[in-house]
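Shared between the two complexes below is chain A, which pairs with chain B and chain C, respectively.
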Partner chain A sequence: MREGGLVGALCPARAVFRWAGIGGAILAVLLPALVGPREYLLYLGTMALVFSVLAQSWSLQAQAGLISFGHAAFFGVGAYGSALLSLRWQFSPWIALAAAALLAAATGLAAAEIAGDLTGPYFSLTTLALAEILRVVALHWTSLTEGAWGLVGIPGLPWIGARETRAAEYYAALVMLAAMCGTSAWVQRAPLGLALHAIRQGEARAAASGVDARRVKRIALALSGLFAGGAGALHVHIFHWVDPASAFSLNLSVLPLIMAMFGGSGYLLGPPLGAVVLYLGNELVFQRLAPGGQLWLYGGAVVLVILALPHGILGWIEARVGGPRGPV
Partner chain B sequence: MESRRGPRRCTVVEAVVGGLITGTFYALLASGFAVILGVTRVFNLAHGDLVILGAYVGERLWHLAGWSPILVMPLAALPPLLLAVASRPLLARVGEPFVLRSVVLTFGASLLIQSTLQTTFTADFRLITPPAWDRGISLFGVRVAAGRLLIAATALIVLGLLHLLFTRTFFGKSLRAVSLDREGAALAGIDPVRVDRFVLGLGGALAGAVGPLFAAIQYVTPSAGIGPTLTAIVLTIFGGVGSIGGLLVGGLLLGLAESVAAWAGGALWRDLTGLGLLLLVLRWRGVGLAGASVSAIGPAGGRAA
Partner chain C sequence: MVLCEVIGLSRRFGGNTALHGVTLQFEPATIVALIGPNGSGKTTLFNLLSGQLPPSAGTIRWQGQDITAWPPHRRCRAGINRTFQVAQPFPDLTLSENVALGLLYGAPAEGPRGRRDALVQAQDLLGEVGLAARAQAVARHLSLGDMKRLELAMAVATRPALLLVDELLAGQSPRSAQELLAYLSRLRARGVAVSLVDHRLQALLAVADRAVALHQGRVIAEGKPEAVIKSPAVLEAYLGEPAP
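And then the complex of A and B:
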């Protein structure tokens, strides 16, 4: 994995996080070999990676202080786009996945247009309304989407010479996460990242320094939508099934927000860390203690972040470890 | 925002009257959210969940003891009131940017309330259906269910009392003073912490009190809070945090638009109308009342200048 190197170069928390990142990447690559035939664990790993992609994509436009409440819109467009293309029009699932991700990127552009200059809670609510509108349309456009029944029998991703599909799906998710992290790292290094931070600190000031805020937001939301849509498309080819309530679920808008903020959305490794810790923590531990009570965990995590961990787990660790302060 | 539809298709006049009645109810539904946002700048995304909490209290009391939804309103107001007042020390710890962080925090609170409701009351659909409430009453030549008229009348009375509280009492004026200028009000001898506590309690109580009426209009589930939250946001941004009249006008317009859209095109268009109006109102007044003025608790979001 090249990911470790990028992390080392860009993560502000220096050595500790760099080695943790490299270790995590190695562990992630070796996981299928480590869990062996236990498919359930591999499936959990795959889902943790899908949520990592979603959380990382969420934190992209959050760099500009834009808190999205509607990433389910992108996830759902990716899921439905890929499902419809491969099921109704018999495209290869790989082509369908790529096309659906692009469609979700276009949805990101549309979201930027609809939101315009709005910031703060008004931006958040705009994205929330957008996801709800798409859910309602998917629910009622029965001739295309089968409505609440959902689409079933969506083909899985075809593998060349691979028999262990669970492992293949896992690696597909891992490659997508690597691409997502690479993009995030590039954005942080590129002028785009500086522009995003400038917008967060004050759109008027950023504009006065020559930042085209609208254009920057369009790019950020399109990139974010691209990967969130990719995650949705991958999800649908793993599950072979999609319906409006799950694809455009409010949970899918809430979870990336919670996971990213919990891990530390200002850090490159924060969102994946938050996703892995919360998702696996829920599936492996919390569900046994309180079946069906995952909202307790996620709700509690949010309250904890806002009240006690303003920069997430990584921010907390950084404050303990010392060194130069603050997320980029 | 779904109301039960009769077996036969109603006339457009009935749709208009029904929409106006629902709109009055919407204004009451939004009042708790607006009051809290106006004074404390807390953008309470758990508002709808407090309504649902009140709705469950009302439904249980109606189901087990047969109490009328109107009579149980004070009891339904109590748990949300206590919850909201108890949250004040936590809200005081929220850092900058305050409005945005309060949104995320109350989002978390919303999830916690939902899961508590789920474990306490299960996910079954609940509805309050007093038999007498279905009796038709003739209003301007249109037959309207008695229960809905009762709900609209209750909403108007509570809104009227709120209006009097804000405009005619010294305490109401001190609330508005804190809303306008927190430091100035403190200099004038008004204790902002006491005002915050009262306002959170008032907003929570209003949300809870609406609950039993909500349960008499539409099905209640633990996750049904998002609808009332969005309605409250639409009306508050449209009508303004300090104006009961603005809420009422916004409520009537929203109720009317949804009702006519449902009459003309069915449930899809009613839902899309509500959400579309939310987008429009956000674009139109995104500078918002919370965004325009900056309080000592925290500067608000809104349109960048």
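And then the complex of A and C:
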């Protein structure tokens, strides 16, 4: 493929990843047919896809060194935006979802204005505060959000010729993940991807090469917000309710970060892989091994893997299969 | 014709005045050697010109326009670029990618159409500074001398009209220093204004059309290189006062 670009061509690991990605995509498309009527499994699959979108969107902005501790801000804005538009103002859920995703993209632009000039931990902590502020607003603006009661009875996504089903929701999440991965793949190959990496490795130096770092960060945060917000919106139409504690949960800020690092945030497939493995691992393995104590197992496993594999699972595989170059 | 004009430029760091009311002009197709002992304000002047630092006082005009408040990326696109004394390419990008970034973002009007195109053009530019064979290497593995060459290619990628070159010859063999100076002369022939700071004075003055001597942040001599280097003020700045 390309001559030694960011995605380094000569590494056999890249070919392995590509085939694994194609295999994973085929499996994902066929999953509803494979699991048949077992709705719980489809529900798990849908949630794994929603987390994959979140982790991938987190990873997109992280390429510019924008390590967010407040990704829940985008998710929550998407969730509340779509809930309010469809419930209070009776917009079609599809239109509400799209508008809410755009609202979350605008939140990304706002985050760039507020925190875009900050670097490292200062940026991270500001995003953490942003998510917390939005949670408190959702909690106390009761005339709009019903506060801690949350909003219930949010309509599901209407389908042409069919009632909403778990399979339909699953495919909606899959399409969203495909769009997210397509965007990330495009960014990796576009000038923008080069600029994101340059900003992470030296913002002042990037400016000396003509890169308008503020503008690039705005684009990265808006794209990240768009998809994280879309994931939040999809979530409320699947569950039909939303409350401040769940929509702006710290969990939603920390999990995308952990999932992306776990899979390998320098790779296109890393964040979805991390999301699927960790989410399904928690639901299907840890919760059964130690009901009630699963978070100890989960946390311990994450710590061990991140200590042992600093570039995530894919980084580890690449180092084994061959490839002179770590993630960039 | 004046390309860039510096008027009464000052920069203070706390109580220390690094530049003190410097007034200078840069013309196209001219190499200006900026000389002076350590701490005389040469790199500070470069930082003010390229926008890495804001001045405490004074004005910078570019083709007649006041650009004193412009951020670095805007000056880069307008045609001012520099190499860094401490070479700082992007360590995890390949040499081609380091150069392609400047082609894509630094010269929007004449730049390449896409990233693939930029990587091809980057290869040519790396060839001009003698790094073609290492184009696919990651920048962090370069020797100091090669990093300096990469710095130069990165700066030239943005199609500068004024190129500020800070300590390029450090870490170069005498022969490769000659090659680099010849390359700078070729840039001059293409119309680029070049300003050079270097500790290798003889090599520097051999290619320069004009020399400007700084001492304690002030211009103490300006003119033909051979005249500047012999001026009493410059001798005193480098060697101290003559014995009575």
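By our rule, the second predicted complex is superposed on the first by the 299 of 328 C-alpha atoms of A that agree within 3 Å, B and C clash if a C-alpha of one lies under 4 Å from a C-alpha of the other, contacts with A are read in each partner's own complex, and residues count from 1 in each chain.
Following the convention adopted for this analysis, a residue touches a chain if its C-beta (ideal position, glycine included) is under 8 Å from a C-beta of that chain, and two chains touch if they have at least 3 such contacts.
Just so you know, these numbers come straight off a predicted model, no measurement behind them.
Undergrad: Tell me the contact category for A:Pro191 with respect to chain B and chain C: first, second, both or neither.
TA: A:Pro191 contacts chain C only, not chain B.
Undergrad: Give one of first, second, both or neither to describe whether A:Pro310 is in contact with chain B, with chain C, with both, or with none.
TA: After superposition on chain A, A:Pro310 lies in contact with chain B alone.
Undergrad: With the two structures laid over each other on chain A, which partner does A:Asp117 touch: chain B (first), chain C (second), both, or neither?
TA: first
Undergrad: Let me test your reading of the model: by the given contact rule, A:Ile67 touches which partner, first (chain B), second (chain C), both or neither?
TA: The first partner, chain B, only.
Undergrad: Which of the two, chain B or chain C, is in touch with more residues of chain A?
TA: Larger number of chain A residues touched: B.
Undergrad: Output check: A:Gly202 vs chain B and chain C. Expected answer is one of first, second, both, neither. What do you get?
TA: both
Undergrad: Report for A:Val211: first if it touches chain B alone, second if chain C alone, otherwise both or neither.
TA: A:Val211 sits against chain C, while chain B stays out of touch.
Undergrad: When the two structures are overlaid on chain A, which partner does A:Pro158 contact: first (chain B), second (chain C), both, or neither?
TA: neither
Undergrad: Going by the contact rule set out at the top, does A:Leu257 touch chain B (first), chain C (second), both, or neither?
TA: first
Undergrad: For chain A, which residues belong to both interfaces, chain B and chain C?
TA: Shared contact residues on chain A (touching chain B in one complex, chain C in the other): 202, 204, 207, 213.
Undergrad: Touching chain A in the complex: which residues of chain B?
TA: Of all residues in chain B, those touching chain A are 43, 90, 93-95, 97, 99-101, 103-105, 107-112, 114-115, 118-119, 226, 230, 233, 237, 267-268, 271-272, 275-276, 278-279, 282-283, 286, 288, 290-291, 300-305.
Undergrad: Which bits of chain A are touching chain C when the two form their complex?
TA: Within the complex, chain A contacts chain C at residues 2-6, 189-191, 193-195, 197-198, 201-202, 204-213, 325-326, 328.
Undergrad: For chain C, which residues count as touching chain A in their complex?
TA: Touching chain A from chain C are residues 50-52, 71-74, 76-77, 81-82, 84, 88-94, 96-97, 100-102, 104-108, 114-116, 118-119, 135-136, 138, 154-155, 157-158.
Undergrad: Across the complex, what residues on chain A touch chain B?
TA: Per the stated touch rule, the residues are 65, 67, 69, 114, 116-126, 128-130, 132-133, 136-137, 139-140, 202-204, 207, 213, 250, 254, 257-258, 261, 292-296, 298-303, 305-307, 310.
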